[in-house]
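As written, the chains take the letters A, B, C, D, E and F, and residue 1 is the first residue of each chain.
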Amino acid sequence: MKVPGTGLVRGLAVTLRTMTRPAVTDQYPDVKPELPPRSRGVIALLEENCTVCMLCARECPDWCIYIDSHKETIPAAPGGRERQRNVLGRFAIDFSLCMYCGICIEVCPFDALFWSPEFEYAELDIRNLTHEKGRLGDWMATVPAPPALDSQGPPPKELDAALKSLEKPDRPEPADG
Amino acid sequence: MPLLMPLMVGALLFALGVYGVLARRNAILVLMAVELMLNAVNLNLVAFDVYLRDGLLAGQVFTLFVITIAAAEIGLGLAIVLLVFRNRATVELDGLTDLRETDPPTALPVTADEQAVAT
Amino acid sequence: MTPVYVAVLAPFLAAVAGFFTGGRRPRTAVPVAVSGAAVALLAVLWPAAQAVTAGATGRYGDSAHLASVPTGTLPIGVDLRVDGLAALVAVAVGVVALAVQVYSVAYLKGDPRYSSYAAFVSLFTAAMMLVVFADDLLVLLVGWEVMGVCSYFLIGHHWEQPDAQRSAVKAFVVTRLGDVGFLFGIFTLGVAAGSFRISHAVGEAGRLSEHTVTVATLLLLCGVVGKSAQFPLHVWLPDAMAGPTPISALIHAATMVAAGIYLVARLYPVFLAAPVTLAVMAVIACVTMLGAALAALAQDDIKRVLAYSTVSQLAYMLAALAVGSATAAVFHLLTHAAFKALLFLAAGSVIHAVGTNLLRDMGGLRKAMPVTFATMTVGLAALTGLPPFSGYFSKEAVLGAAEEAALHEGPVASWAAWLVLVVGLLTIAVTAAYVTRLWLMTFFDAPRSGIAVHESSPAMRWPLVVLAVPAALLGFAGLGHGWLPHWLSLDERVPGGITPLDPAFPARPLHIGAVTSVLSIVLALGGFAAVLAVWRRAPSRDPSLRLQRLRPALEEAFWVDDLYDRLFVRPVRLAARSVRWTDDGVIGAAVAGSGTEATRVAGLLRRAQAGNVQTYLTGLLAGVVLLAVGVVTLT
Amino acid sequence: MHDFYGDYALVGVVLLVGVSFVTAALTANRLLRPSAPAPGKRTTYECGVDPVGEGWAQSHIRYYVFAYLYVIFAVDAIYLFPWATVFAAPGYGATTLAEMFVFLGFIAVGLLYAWRKGVLTWT
Amino acid sequence: MLFALLGVVAVGSGVLVVTTRHLVHAALWLVLTLGAVAGCFLLLSAEFVAWVQVLIYVGAVVVLLLFGLMLTRAPIGASDELDSSRGQQVAAAVTAAAVAGVLVASLVDSFRGARIDLSGDHVAGSARQAGEAIFGSWVLPFEVLSLLLLAALVGAIVLSRRDISPDPVPLDTRSGD
Amino acid sequence: MIDVLEGALRVLLVLGAFLVLPLVVGQTEHKAMAHMQSRLGPMYAGGFHGWAQLVADGVKFAQKEDIVPAAADATVFKLAPAVALIPYLVVLVAIPVGPGLVAQDLDLGLFFVVAVMGVGVLGSLMAGWASANKFSLLGGLRTAAQLMAYELPFLLAAASVAMAAGTLSLSGIVQQWQPWWLLWQLPGAVVFFVAGLAELQRPPFDMPVADSEIIFGAYTEYTGLRFALFLLAEYAGIVVLCALTTVLFLGGWHGPYAESLGWLWTLIKTMVLAFVVIWLRVSYPRLREDQLQRLSWQGLVPVALLQLALTGVVEVLIT
């Protein structure tokens, strides 16, 4: 038979127990918080991969990605013809509007955008929260390496595809390795 | 300490209470004025109790009783005032004149024999 | 004594039967009434016959005592008595009543209320019989009052007409006024005499003190004056003519008005013991006699002429009593009953024929109504006192008695007797004048009424003829020394005091003086000639117009009526109105006023209830403070 | 001074000291605090939005009943204290106890009435 | 001397109670008056009664009054028509003056020289004496009082909670808790 | 002259206790509540473990701007905090710390305490009304209703102790106290403590200041020092409640070496009780308004009446 008061006492016991145990707070300014690898601090841009396909800008729900680009014509290679090539002008993300959803990163076909756990970029003036291309590039340094694959997990698809293409007999060995 | 002092304070408080009861329009203020009058009475009781060195402490015990009854009374008074407020949306005593005399009935009906005499 | 009972009860039973059956079966009313009157007459004839045959010296008298009503002091005895006087008067009443009953069957044919009328007449006859035969003053008073009531109902027979109502009331009130004195007179006399029996009272008359007798007789005189319509209280008789004519004939000619005279005759020894009263009677008689005659001269209504003549003739009887001759008075009463009833019935038939009472509308009825003309002429002749008609003899008896009282020592003062004699003679002239005027205007000259006149029906004609006989012949009964005085056997004033009514006492003979009779005949013819001369000059005009300035005075009977009206009626009415005004104006106003006043004051208080609780509280506390101050300062 | 007054003299002094302390703090605050009156600041606080209607809100009648219940019971309770000091003294034994129980009994009936009437619970 | 001060405070605040144009201020001035009267009791050595006055009046009755004011929509600021019509005021003033005059006159007249002796030996205000008095000789009124309170309680409940009476009057439940 | 000095000393002592102890309790509350929620609590103020956090708060409040809403009734608005705070100061006078150590031993000390505590209600009512804010009005009404509802068990429990001790003076009660009273007066003690908590609107019963419902109840419109005074009043109330409970139910300065260390025992017991108060704040959710009222009238008052009956019967039996 449940004695009516026990719930109350057990509640007290819980609070007492937590009091005796060390607090979990680590004092932030002195102790840096170790954030989980994929925590969404800020977005870093690998300029080289970006082909200005504008997918990220178009997909961003908050329209906080501003991209300018211009066309350059690459002189034709000896056997080819001239090719037009988009060259990235301005690439900026306004973090005061960004809601850190990560759609731009996922949608970028060329893996130009990466999450970085860095969060200490508070500004006094809201306008400074619009990081230009340069600053975004700097964040690349803080992007952690992608997590190792799970040892027992299934091999990654790319590896499979590559192995499969190797096993396919009828494909002529690529000329040069 | 001269006995007159508490008596004077009591008398003045009582007079103020009377003025309050008669001059105030809001029912709750009237109740407050009644409280004033009751306090004046209490002061008087205690003053005489102490002055006469009453063995039975009649004055003080009566003051207790008066305070008790006043509390009960003010409670009921307010209950009534709230009820009036709910019905009439006002606690202005001036507005509550339903029990006044309506204008006098038309002239007395002349009885049959008066008419006979008159013709 | 049984015929007396029958005489009284027969009409009474007829009246009772008439009252109860009359409403449902009117047709039976006529036989009942007539048979009642006839039986009464027959019953009365028997004692009358005995009175007549009682023998030269005997006095017929019989009395009966039925019951005695204890009243604590003097018992009232229901006593009846019959003697010569009573019997004769009863016969006269019976005859006239029977004549009237028969006459009114025709006269009131088709009247819806005939049964009640007939019943009242029977009741009246019974009452008159009771008065005649009563031997106890109070029994007499009963009959006296019932007669008054019957006269009221009968005068007011046509109560839908306002003047009938008024005159009925007037008659009733005036006679009652007289009866008050009469009642007290009975009491004084009864107490003084020790008993209400008339015969006892008459016996005691000598022994009573002068003063009480005078007072008693004077009071009784009031009743007589009221009932017989003498001077002060005569005003009701002319107005009583508003009743149907047979009633005037019966009540206001023959019976009721005569009752007063009959009473005095009955109690004559008492009156003889009071010379003062006799003097008063004499004066009243003279005034009434002359005044009424003059008034009759100027009346336009035929019935009012006859009414005033009745008053005048009654004055004659009173005069006779005043001068000491009861026999003359009764003799004149009998003759007058006969010819005045005749005249009224004749006038009735004339009115019935012409349809109006007014003389100026009549004229020239001689040829149209021969029987009425003849019988009326007999009546008028008797009235004026032309020989050989009955009037002459009775009037002469009266004048003779007056002459004897004047010349020799009579019961009354001599000056009174002389006064009676002179005024009597003068009135004969005036009487002749108005009789002639009536006679000429009614029957001669050209007919002035528009309608065709024809003789009235046999039922009306036969009573005229029957009454014409005694009117003509009754006079001879008074001749000589024998019959009438003997029959009446009245005790007269005999030198040396009054003797009680004892059989042995001889009746006083009628005395007709030679000088007075001649003088009266001359005066009568003079009056007749004067009016005839005036009438011949202008046959269609009313001869009395010659009087010019005097006429209104006469017509209005010297404004006595107006005088009374102004003296009594108006003040009483004024007093009544003021009483009513004070009642509702002052007292009523006070009561109602108190009510309205209270409401008004309440109105003021109501305004104070303005509903504001605080004002109430303020008033309350202010009151408390005042009380406190009052207590502190006062104690 | 008479010791009876002495007791309360100290209480009076403490009261005065308390009042003076609070006024001193407030006047110091008046000196130290900035005063930048702005209309926005002085509007009634209604979670940041503009205040709607006047400053009065219709409140339920039952609060009055609770207050009145307290008044009635407080008036009972004050009789407990003199009773407490006296009832154990000689001469006042069980009878005084019974009296007080009668007294409290009636009031308990009142409480029971309120309870049964559901004055104390509301949907 | 102290008593005179308290008296002045009491009467002064009393005057303000009946004349102030702020409804709630009247209640608060009433508190001051009651406090001053409690002080007077204290100075008259009626200790227990003083604190009863404080507890009951200041603690409960005034709160009740404030409740009453709040429930009847008492206006915040000054409201000028708290006093009845001019005529009524004058009448009230006159009556009050008359009452005061009579009371003062009669009291002064009869108790001119009387003095209260508060010397040490006789202190009758403590709770013990009050207890002895009440339970010694005033037991019956004490018992009857409980009946009165019961009646008052039931009466108030019936009056104010019409919605739970036999023929309930539905209260305006729109008004929150 | 001497007793004047001594009097002044006592007053200073009381004032000092009134200012220091609430701050201590406040600090312990910050730290204990933090650690119960596995937090650290204030660490920076005053160096070691943020011991001077409340002093810093006080200084901060002293400098904050004091805003009186336009629609408010100014005088009443300004007076409210004083009326709420002073009763607790005055009450401290009568509480005996040690065997002889009491600022002023009043003959009816207990009744005095209870009466003065009753006045506190006015402060919150005035605040609620004066700030002309719908939420504060409702908060004021709730506070008043709650205080009213819980004043009564408070009174009854105190009365039962007075009955047990036979006197109303607090030092007398502590004198009379015997260990077995703990058991005898246990229900009274629980009722007293719970009622006390409700009096102070401490969390299990903090509906009047329930920020989720009516922002901060009666004190919504208050800023600056006035707001600080209300908080000080709250913490002073905790001190007073715990002190009273120890004095009445836990035997005040009783304990080993009572003569010399009596005051220490009182303090320790008061601190323990204060910790319990804080502890309750962290562990229990807030009650609903109707549950609050029902708990009082249908729970605490009957228990208190039974306690009275028990005390009375036992008292009569043993004497």
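Simple rule for what comes next: contacts are C-beta pairs under 8 Å (C-beta built on N, C-alpha and C of every residue); 3 or more make two chains touch, one makes a residue touch a chain.
Computed from a predicted structure; not experimentally measured.
Undergrad: Along the graph of touching chains, what's the shortest path length in steps from chain B to chain C?
TA: Contact-graph shortest path, chain B to chain C, evaluates to 1.
Undergrad: So if I look at the partners of chain A and the partners of chain B, which chains show up in both lists?
TA: Common neighbours, chain A/chain B: none found.
Undergrad: For chain D, which other chain has the most distant CA centre?
TA: C
Undergrad: Based on Cα centres, what is the most central chain?
TA: Given all protein C-alpha atoms shown, the central chain works out to be B.
Undergrad: Using the stated contact rule, I'd like to know whether D-E or B-D comes out ahead in C-beta pair count.
TA: Pair with more contacting C-beta pairs, D-E versus B-D: D-E.
Undergrad: What's the chain with its C-alpha centre farthest out from chain B?
TA: With centres defined by C-alpha atoms, farthest from chain B sits C.
Undergrad: Need the CA-centroid distance for the pair chain B / chain F, whole Å please.
TA: 39
Undergrad: Quick one: chain A and chain C, Cα centre-to-centre, how many Å?
TA: That gives a centre separation of 158 Å.
Undergrad: Averaged over CA atoms, how far is the centre of chain E from the centre of chain F? Could you give it in whole Å?
TA: Each chain's C-alpha centroid was found; their separation is 28 Å.
Undergrad: Could you tell me the distance, in whole angstrom, between the mean C-alpha positions of chain C and chain E?
TA: Whole-Å distance between the two chain centres: 103.
Undergrad: Which chain C residues sit where two or more other chains touch them?
TA: In chain C, 612, 614, 618, 621 touch at least two other chains.
Undergrad: Two or more other chains touching the same residue: where does that happen in chain A?
TA: Chain A, residues with two or more chain partners: not present.
Undergrad: If you look at chain D, which of its residues touch at least two other chains?
TA: 8, 54-57, 59, 61, 63-64, 67-72, 74-75, 78-79, 81, 83-85, 87, 89, 104, 114
Undergrad: Looking at the whole structure, which two-chain pairs count as touching?
TA: The complete list of chain pairs in contact reads A-F, B-C, B-D, B-E, C-E, D-E, D-F, E-F.
Undergrad: In their shared complex, at which residues does chain A touch chain F?
TA: On the chain A side, the touching residues are 8, 11-12, 14-16, 18-19, 21-25, 27.
Undergrad: Quick one: in the complex, what on chain E touches chain D?
TA: Within the complex, chain E contacts chain D at residues 42, 45, 47-48, 52, 55-56, 59-61, 63-64, 67-68, 70-71, 73, 76, 118-120, 123, 127-128, 130-132, 134-135, 139, 142-143, 145-147, 149-150, 152-154, 156-157, 160-161, 164, 171-172, 174-177.
Undergrad: Under the stated contact criterion, what part of chain B meets chain D in this complex?
TA: 64, 67-68, 71-72, 74-75, 78-79, 82, 86
Undergrad: Give every residue of chain D touching chain F within the complex, in rising order.
TA: On the chain D side, the touching residues are 6-11, 13-15, 17-19, 21-23, 25-26, 28-30, 32-36, 39, 41-47, 51, 53-57, 59, 63, 66-67, 69-70, 73-74, 77-78, 80-81, 83-85, 87-89, 93-94, 97, 100-101, 104, 108, 111, 114-115, 120-122.
Undergrad: Can you list the chain F residues touching chain D in their complex?
TA: Residues in contact with chain D: 3, 7, 10-11, 14-15, 18, 61-71, 78, 81-82, 85-86, 89-90, 92-93, 103-108, 110-112, 118, 131-135, 137-138, 141-142, 144-145, 148-149, 151-152, 155-156, 159, 162-163, 166-168, 215, 220-221, 224-226, 229, 290, 293-294, 297-298, 301-302, 305, 308-309, 312-313, 315-316, 319.
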